[in-house]
Amino acid sequence: MSAISYREALRLALDEALEKDERVFLMGEDVGRYGGTYAVSKGLLEKYGSERVRDTPLSELGFVGAGIGAALGGMRPIVEVMTVNFSLLALDQIVNTAALLRHMSGGQFSVPLVVRMATGAGRQLAAQHSHSLEGWYAHIPGIRIVAPATVEDARGMLGAALADPDPVLVFEYPALFETKGEASGGKVDIASSKVRREGSRVTLVTYGGCLPKAMQAAEQVDGEVIDLRVLRPLDMAPVVGSLKKTRRAVVVDEGWRSGGLAAEVMARIMEQAFYELDAPVARVCSEEVPVPYAKHLEEAALPQTEKIVAAAQGLFA
Amino acid sequence: MSAISYREALRLALDEALEKDERVFLMGEDVGRYGGTYAVSKGLLEKYGSERVRDTPLSELGFVGAGIGAALGGMRPIVEVMTVNFSLLALDQIVNTAALLRHMSGGQFSVPLVVRMATGAGRQLAAQHSHSLEGWYAHIPGIRIVAPATVEDARGMLGAALADPDPVLVFEYPALFETKGEASGGKVDIASSKVRREGSRVTLVTYGGCLPKAMQAAEQVDGEVIDLRVLRPLDMAPVVGSLKKTRRAVVVDEGWRSGGLAAEVMARIMEQAFYELDAPVARVCSEEVPVPYAKHLEEAALPQTEKIVAAAQGLFA
Amino acid sequence: MKVPPPPSGKVELPVALSLALLADMLRIRRMEEKCAELYGEGKIRGFLHLYIGEEAVAAGAMRALAPEDNIVATYREHGHALLRGVSMDRIMAEMYGKREGCSGGRGGSMHLFDAAARFYGGNAIVGGGLPLAAGLALAAKLKKESRITACFFGEGAVAEGAFHESMNLAQLWRLPVAYFCENNLYAMGTALERSESQTDLCAKAASYGMATLKADGMDVAAVHKTAQRAREHVATKGPVFVEFQTYRFRAHSMFDPELYRDKGEVEAWKERGPLHTFSARLKAQGDLTEGRFLELDRAAQAEVDKAVAFAEAGTREPAEDLAKDVTTPS
Amino acid sequence: MKVPPPPSGKVELPVALSLALLADMLRIRRMEEKCAELYGEGKIRGFLHLYIGEEAVAAGAMRALAPEDNIVATYREHGHALLRGVSMDRIMAEMYGKREGCSGGRGGSMHLFDAAARFYGGNAIVGGGLPLAAGLALAAKLKKESRITACFFGEGAVAEGAFHESMNLAQLWRLPVAYFCENNLYAMGTALERSESQTDLCAKAASYGMATLKADGMDVAAVHKTAQRAREHVATKGPVFVEFQTYRFRAHSMFDPELYRDKGEVEAWKERGPLHTFSARLKAQGDLTEGRFLELDRAAQAEVDKAVAFAEAGTREPAEDLAKDVTTPS
């Protein structure tokens, strides 16, 4: 098995999904002729044709809604919303239809829809193209939120998402697209958090694009790193388990600090592991500013390895 | 000074705002001829005419965006999005334009926009009409979020919002519309949390439609009740102050549990008052289900006085 | 706005069909009159949007559709659900919030659903059903199924971005979907001419290159024929937009003080009422006797009584099962 | 798609104006060529969307507008900002992320702003500027100001709900807004005919009852005259939609491998290039000499050199000031 990139893993996953199940099709802006904004779907149009790799007009609300309808109609659509920034235009369909439909109908209609989107900052794309809102989506009952941070997950989570009878939102991290790693091609679950590095002094809880930063920080502080992987429903067991050992934690999250996913992790720790704590849990999040263009300002706005190290060390002060 | 209803207070505030400043106008679906979905703007069309009390088509994205433009153009628009449920259609304009514009333009353009919307469940309106998403909005830098829970605030917060040079979202609670109280007509701030009831055993932190429930619970548990009032930026000082005395807290929030505003309050307490706590902070939120229609199920889904009492008592178990 | 003259002239339909359409309209009318009453008694709660006055649209359209077709509707969908074959018992139980309801009591008036009838709701977001319908049609097309999708919605939805995006997708991809616009002239209190710069809705639809049809929505025979043509067009050629011109006789919902229109207008439209004008025409041409009418009416009334009894006898889902059906059990 | 013949024939404009328009286009061209180079060197980062090939639209339109008018643009707005009077120095400094930039280095290429020029950005959400423009126009109307609002956007935005809602509001309320659609045939890699069921954009706009105009966007004289008519219409009668038919010569952004169109098509459109065809026509009619052209070009080049120097010499905002301007200081 040789190393491939996160981007290649995503493409492989799409290719396999289209290959395996006739009901699967991919639709979104520029997934076809353009080859995908991030070149993730490059070559798939040629292989599967324009019915199954379907370019859409700029109509996020419309084609996400159409994806829901197609799922209800027996297909297994993978809808790509280019980035989370534009998904705000489709939010009504995601929240008010996809997420609610099964419950509202008394369990009659499941929506086996997969929505993929890129998320995160770090490439100087400025305020309107740098949101990290996956934590926001994690507030909504009825949908599952996954955040592949490794090449293995980038390859495996799509298949698992397609097997889920309910809507799954897959957040992909352009910041990780060049990362290389092994992708076994085996099944991965979309239910559990995972320890990515063992350590004994402090638990670093993170997900997505911040994972490499947390891993680096862990080297310096003997950290145990937990990759949440699935943001809804949250699997806190490894976090609580780790806290029994470390008694201290830092939550690292690229969302804005107030009301980000980190807050939920802290609330759960409060509820489930309060008596394990030797110090209050700290968080390293994005500063509460729209992400600025200038490189040094963007860096200052986002979580960084040094900030994580400092926060971890602060727990011992 | 005689008691008026929360609804009357809202109307009075609109009337005064339109009276006082020519730049102010109200626009939204059915604010005019219909008299407002909740009869809040009844009579204002007749008094101020259809230019200043402007009915809009069903175009949430369009007219919220137009409100932003009108604010930039020197007006002081009050845009009514009938309910938070429909605001999802306008979210892109609120987040990607209103909230970001000032920062993105290097401080050149402030957006003095007020957006009002009704929020909350409790009237058997079922899944698509019962969201409580104000906590969600509180995640976004660049906007202020206010949640009047008293008649005084219902009257006073609009004026304060209009005086703010930046976008303010005002969440109104139909569950409170019949509440009676005094409205002095004096200025109220939109910066601080307030103690609504003193108590010594436990701090109950809440806002909006849950305030009466928390007040009732407080009677039974000797609770100190703090009304957050302003959900962004959060004023934690009274909470931390109260915790010094009570050493225990319950956060009550009608948003869904995971990732709701309650989580943020818990995270802040973790950060700012960890060493004051004699027990982990508890929360009483909505269950993680789309709000069902049937009355008994809806009641089971929402925070209730008994649940608050039980949670408070649980802190001493 | 000038109110057109009442529908008149010979009804060119087989007698059995005419009587069936009349019975359909009566069933909706009697059911909804009862709902209004029950609302007054507090047995039904939440929002309740009555279709009274507009029955000809659902009646005429539904009988033009095939059993395999998909239906998407709005919060004003009691009539559509009923005529699509959701039993009145289950509709009424739903409004009571009982587990025997067609959505298990979770949906209420605005969210009637039925998988067996391919009835996809019951959507309380104006315009929310339009993209969904496009997607259902896309699935049918991809699966080479012969079903079409019929999407009912009010003229208020035409101002929504969802309308625009859906019309374009439907026509661009030649999806087998019929957009049935129930133009009752008002969206809550907002008259069409105060919400659309172009009030000719067919002209709007035609700007997407879509085929359009128009019919008097108070004339069940006209609706039926037009819906048949629409279905034929969709099944063979591509999407279609149909404007049914109708009027609601009641308030928007049970909370509406109706400040925005005057009684005279409502009375004038009542002259065009689908039930009495159609009955009168059938009688005039000898297809209906007063006795037969009363029989149909009694049958409808009996069905209502039975439905109420069913709903009253229904059971409450235990609160412990609250979280059921948020996601699909594995 | 057939490429029309290059713009030709007599330029019916005062010589001074013609030369000014030429100079405007040259300034954009030289500035953007430099930007591409600087991007290669890593001095400019993020997304960079070049306007090269489309300069005639901004040039012709901007000189038809009045100083009091409002401008709303997209992420492909360097040219619009420059010709609206934002100095090249401040534009270049912005792309460098310097505090001397026209958005203080916070916005970058996609978010140029200038209050003094009433230049309202710089919006990277496709269609996002359209409602904003309607609102600016509404404010002007309510305040009885004579200014109009000009909103530039690409044809890709036409599929967005925001387009639909804005067109309807603008026409319904008779707002003083000009919607200037820059139809360059592609939205990233998506050709117009694969995104719109109706590719005649004026027909779409007309379905709102809005007045429409169309011009060859590669002919700066035609653009200018059309924009003048448009402004006149807006100022006196109401909103207008104008389609400028143009083409981008470069990739969508610096990341685009251009798989979706072939070189031949691009080359054919380059024959229609706004700079050389306009220069040639002016020369043919004796309004321009090669010497004068070179002079203008050198001036543009000198402006670019100066702007780069300015940007290079610019300063970095201290990271401690990160949170500045999230809200308005009181």
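Observations
Labels A, B, C and D are assigned to the chains in the order they are written; within every chain, residues are numbered from 1.
Rule of thumb we're sticking to: a residue touches a chain if its C-beta (ideal position, glycine included) is under 8 Å from a C-beta of that chain, and two chains touch if they have at least 3 such contacts.
Just so you know, these numbers come straight off a predicted model, no measurement behind them.
Touching chain C and chain D together: A, B. Seen from the C-alpha centroid of chain B, the farthest chain centroid is that of D. Centre-to-centre, using mean CA coordinates, chain A is 40 Å away from chain C.
Separating the centre of chain A from that of chain D, both taken as means of CA atoms, is a distance of 36 Å.
Once the centre of each chain is set as its mean CA position, chain A and chain B turn out to be 30 Å apart. Each of the following residues of chain B touches two or more other chains: 56-57, 59, 61-62, 85-86, 89, 92, 96, 103-104, 126-128, 141-142, 288-290, 292. The multi-chain contact residues of chain D, meaning those touching 2 or more other chains, are 103, 105-107, 111, 123, 125, 128, 159-162, 164-165, 168, 172, 194-196, 326. Chain contacts here are complete: no pair of chains fails to touch.
If you check the complex, the residues on chain B that touch chain A are 61, 85-86, 88-89, 91-92, 95-96, 99-100, 103-104, 126-128, 131, 135-136, 138-142, 232-234, 255-256, 258-264, 266-267, 269-271, 274-275, 277, 279-283, 288-290, 292. Residues 25, 51, 56-57, 59, 61-75, 77, 92-93, 96-97, 101-110, 141-142, 144, 165-166 of chain B are the ones touching chain D in the complex. Listed in rising order, the residues of chain D touching chain B in the complex are 70, 101-107, 111, 113-115, 120-123, 125, 128, 130-140, 142-143, 149, 161-162, 164-166, 168-169, 172, 324-328, 330. Note for the complex: chain D touches chain A at residues 45-47, 94, 97-98, 103, 105-111, 123-128, 156-157, 159-162, 187-191, 194-196, 255-257, 259-260, 316-317, 319, 322-323, 326. On the side of chain A, the complex with chain D involves touching residues 29-30, 32-35, 37, 39, 55-62, 85-86, 89, 123-129, 287-290, 292-297, 299-301.
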